[in-house]
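Below you'll find the structures, each written out as structure tokens.
Both complexes shown next keep chain A, but they swap its partner, so chain B is in the first and chain C is in the second.
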Partner chain A sequence: MNKAKERNRMLIGYALALPAFLTVMLTVAYPIVSNVIMSFQDEGTGAFTLDNYKYFFTTPAQLKNIGFTLYIVVMTVVLAVVIAYLLALYLRFIKSPISKAIGTLYLLPRFIPGLVAVYAMITIIRDSGVINRISLLFGYDFKPALMYHASGMIMMNLWFNIPFAALMITAGLGAIPDSVIESARDVGASKLRVFRSIILPLSVKDVVIAGTFVFMSNVGSFTTPYLMGGNSPKMLAIALFDQFNKYLNYNRAAALSVIMFLICSVSAGVYIYTNLKENEWE
Partner chain B sequence: MKTKRLLAALTASALVATLFAGCGGSGSGSDNAAADSGSADTSSSASAGKTTVNVWATGSDNVRQIFETLVEDFNTNSEYKDTYEAKLNFLLSGTGGATLPDMLISSYKANQEKTDFDVMDLGDEDVTKVLSMVGEDAIQPLDFSKIPNAEKVSAKPIALEGKLQPYRGTTVVLAYNSDKIPENEVPTTYDELEQWIKDHPGRFVYNTPGTGGAGDSFARTTVYNLIDDPSALTSSDPKWMEQWDAGFEKLKELHPYMYKSGGTIVYPNKNQGALDLLTQGEIDMCPMWADMVLSQRKAGIVPESVKITTIQPSFQGSVQGICVPASSSNPEGGFAFINYILSADAQTLLVQQMAAIPVVTDGVDLSGAEDLMNLDTSKFRTMGIGDLGTDFNARWDDEIGTLG
Partner chain C sequence: MFKYLNPKRFYFAVGKKKFWEFIVLAVFILFFYGPLLNMFMIAFANEYAPPHLLATEWGLKWWQFIFGQKSLVSSMVQSFVIAIITTVCSMILCIPAAYSLARFKYPGRKLIMLSFLLTNAFPKIGIFTSIGVLFYKYNLMGTLVGVVIIHMINSMMFMVWLPSSAFRTVHPQQEEAARDVGAGPIRTFFKVSLPMAMPGIAVATLYTFLGSMEEAQGTLLVGLAKIKTMPVEMYGIILDYPGQAGAVFGILLMIPALIMIIAMRKYIGPDAIAGGFKMG
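And then the complex of A and B:
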């Protein structure tokens, strides 16, 4: 009797989870599986082949694209996280009207549509943009050489990612109780010592997680490199767009998607590892 | 307790049901449109003696705007308003669904005899596609006795003459900054252009082929100018690929003279990317669609100093055609709409609103778009290389794009 009741309860549990489960299966798992299968198929015959992958790892231009993407993404992650961490520290520990103002303003970029922000940045940094025109006023013809170059794209990525990373890190720093810091100070710990022994260890997890998120969202970024990038080398999302829309080679497009997925999964692995470690620490 | 459980189970199953319904709907959404149109032979018999003319068009948003204006004008035009009621069916291009030629092809293959494809707007590539997939029987011959305005039109379609009526032109021209380039130095031939590019390093660029028609046109013109047989321009036969070598060598030779930023050669993405460089004064010349220059100049985005000119042999131009599919439920209405679109009034709307090149000039108001006068649609160099375009872009990306 009791067993039957328990089983019923379990069934209801499954029934409740079923819609979500099916949604994920149909919209996430199924496309991924069919994409992976496609990536191993020959364009014409559909037979098993590794050529789609070989193409990306043997063609010099495509290898350059992969390296270029990693360069931009890693630079973005490092710069965004470092700047965001400094910003978060400032917001957490310095109490002044200025820090309060910055605390409310720094999220503003997240409310500006991406396309608008990209065009605004282009207007400023292009070789005939605002910077150039201001330099002309002073008699110089300074060309920033940011537009169409990696440096310009990294700058744009920072605009999108610093607020995001700072938001995550600020939340982490906010969780550190003032009492812990005050008691350490009371027993004579220097500021640096407090930072090294208390603040850094307590917030490093959020920093790593912010980094993994920034990494993943930038591997596949499209709008910025499409509008601001040059024609070669390209970021992988543009290379993917080429395969899919320009060359209509769906099997290669599938293979490149898998490659991008694998690159992201490195970062996802770091994320999961950090989350597991948290339990140990506490 | 029991009722609660029952409720939970019901909610869950309802959720599952909606989920499946949702999937089914979104999965076949684009096909539904095609299927519906097949069974819609009743829709063309509207009340009060008026018949419905379903107008089908596809393209960017500027095409939607002009067709909305044209349909509205047609429905209030004294000549047609008592007999016909036009209805616009517009498909925005590049949104991933079935394209207009796809829909026509699938409807024809499914042997649908009466559809509401009464009159349809088709570009060069669309026509090439329809011809290669189902042949010319999908489109019915035009009854010119019902389209008297067609007499004044001298432009010829890329194919299907007598079935496809050209109604507006669009072409790639050379856009240049007249402040920087004196009138007598503006190139008039391709060779002069080549010389100009070499004499003025960094002042010319074309957008990456595959990201916009202007760049495609420059690259293709360069390559196909070096192929002696003019029939290559309208052929998708892979044999022509062997003759591309000389043209690609030429593109390589021109590469070092292109626009530079921070010391490296850069080809911008999209037509607008190249036009922006011209507008900003970073370059002095680029190939560009005539309508883009003229409409943006009218809007004040492109300065008045930017002018357009044509060279010989010219860049690719095309005439957009309109036709009555064989399965039209209302061919009479279709012919009437075609007759209307060739009228001076409709042509004026096309010129004024989208800077299209008119196919008739008699009685058409060209004010503000006088540059269009020199562009003769009957002399356009049409190009339709079909699937070869894909290989062409891939080769460009591989050989020219990577030169750095």
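And then the complex of A and C:
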């Protein structure tokens, strides 16, 4: 009797989860698999070939694109996580009207449409933008040279990712009880010691989660380089868009997206590992 | 009052700690809000030529320009229709799944949970081009259905994970209590579990709706210039249109987000948002 009931519950569970699961399988997993197959096929004949990959690893311009993308993404991840960590520490441990204000204000950028933020930043950093106009007030004609350069894109990425990373880390730091820190302080631990042996280990999981998400979302970032990037070298998302939309070479596009998937899967692996390691609700 | 304009006097007036806090606040606001405020100012500028920092002539010239463009106005309607369809479809599909993952135990549950990471673990543009090839095959390129599918994929992870972690915080005893006094499983779900998980669901819904409103790259790729939402038009405006049109359109794009945030502000907090990025 009880066993039948349990089986029934199991079936209901499956029935409820199935529609969403099938949607993901059909609209994401299946395209990815067929994409991987396509990447090994010749454009004309459909025969097996490695040429699509060879193209991206032997053409200098394409190699440069890959290096350029990795450079921007790594810089973004490192800077965003470090700054976000400092910001999160500030928000967690200093209680003042100002930190409260920042604690509210930093939630908003997540809800600003990406495109709008990029446009707004362009009005600041373009050659006739605000920075240039301020310098003109002081009698210089300073052109920030951020548009169409890596540094401009990194700056934009920081705008998007610092609030996000800080949010993830703040949520983690918030879970550390004050009593733990106070008792450590009571027995004479220095601030640095408390940070090193309590705060850092307890928040490292959230730092990793934040870092991996920043990594994954930036490898394929499109809007920022589409509007701010130069013609060469390009971010991979733009190179992919070109292959798909301009050259209509779907097999090469497939190969390039597989390359991007592989770059991301490294960080997805790290993410899954940290997430599954301590899952106590099972 | 003016003495505070001198940094040194300001430093001694408010004290060392406060002084640095003010610096942090100033840098924070300049970097994160400066661009937006500047855009806001530009939108109301009829004349905004260098080297002037502020508009030399104020007015609504560019607002009239935007609302005079038929294609731009119709893109606003299209955006709303698509966002509503996407949100409703996504809720119907994902909330049962979230509930199932939170409450039922069965083999393969973790795998199902993990499968939703697929939508966010890989570069969107790569997924979109992969889907695009299949869409060509099934004639979904440039159709409403195609665009809605793309928008749904974008937010499925949040739509499952966030409500799921919200359902998990509802104590099973509370559901059992309702069952004990005679409520059926469906009634229990709608009267007990759903209202208690509402904060998580609200944030997820907000994400889905706003995500759809601002989805740009996928719509650009799959919409083939036939389905033009506001963000797709915005690309064109930034790259091709003159002057301050982009600032006006940018503000129009931000309005739905601002309204939703104000309406749901009590649900939005670091914990609620962070929950969407964690499986456990």
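Throughout what follows, the second predicted complex is superposed on the first by the 257 of 282 C-alpha atoms of A that agree within 3 Å, B and C clash if a C-alpha of one lies under 4 Å from a C-alpha of the other, contacts with A are read in each partner's own complex, and residues count from 1 in each chain.
One rule holds in what follows: a residue touches a chain if its C-beta (ideal position, glycine included) is under 8 Å from a C-beta of that chain, and two chains touch if they have at least 3 such contacts.
Computed from a predicted model, the values in this text were never measured in an experiment.
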First (chain B), second (chain C), both or neither touched by A:A237: second
Touching partner for A:A145 - first (chain B), second (chain C), both, neither: first
Superposition-derived comparison: chain B or chain C, residues of chain A touched: C
A:P19 touches, of chain B and chain C: first, second, both or neither? both
First (chain B), second (chain C), both or neither touched by A:G114: second
Touched partner set for A:P201, first chain B, second chain C, both or neither: neither
Partner chain(s) touched by A:A171 [first = chain B, second = chain C, both, neither]: second
Chain B versus chain C as contact partner of A:A61, first or second or both or neither: first
Touching partner for A:L227 - first (chain B), second (chain C), both, neither: both
Partner chain in contact with A:R126 - chain B first, chain C second, else both or neither: first
Contacts on chain A seen with chain B and repeated with chain C across the two complexes: 12, 15-16, 18-19, 23, 128, 226-227
Interfacial residue positions of chain C with respect to chain A in the complex: 18, 21-22, 24-25, 28-29, 31-36, 38-39, 42, 50-53, 93-94, 96-97, 99-101, 103-106, 109-110, 112, 114-127, 129-134, 149, 152-153, 156, 160, 168, 210, 213-214, 216-217, 221, 231, 234-235, 238-239, 246-247, 250-251, 253-254, 257-258, 260-261, 268-271, 273-275, 277-280
Chain B contact footprint on chain A (complex, rising order): 8, 12, 15-16, 18-19, 22-23, 26, 60-61, 64, 126-129, 143, 145-149, 226-227, 229-232, 242, 246-248
Of all residues in chain B, those that touch chain A in their complex: 5, 8-9, 12-13, 15-16, 19, 23, 208, 210, 261-264, 266-269, 273, 280-282, 390, 393-394, 397-398, 401-404
Touch list for chain A against partner chain C, complex: 9-10, 12-21, 23-25, 27-32, 34-35, 38, 90, 94, 96, 98-99, 101-103, 105-124, 128, 130, 132-134, 136-137, 159, 163, 167-168, 170-172, 174, 206, 209, 213, 216-217, 219-220, 222-223, 226-227, 236-237, 240-241, 244-245, 250, 253-254, 256-258, 260-261, 264-265, 268, 271-272, 275-276, 278-281
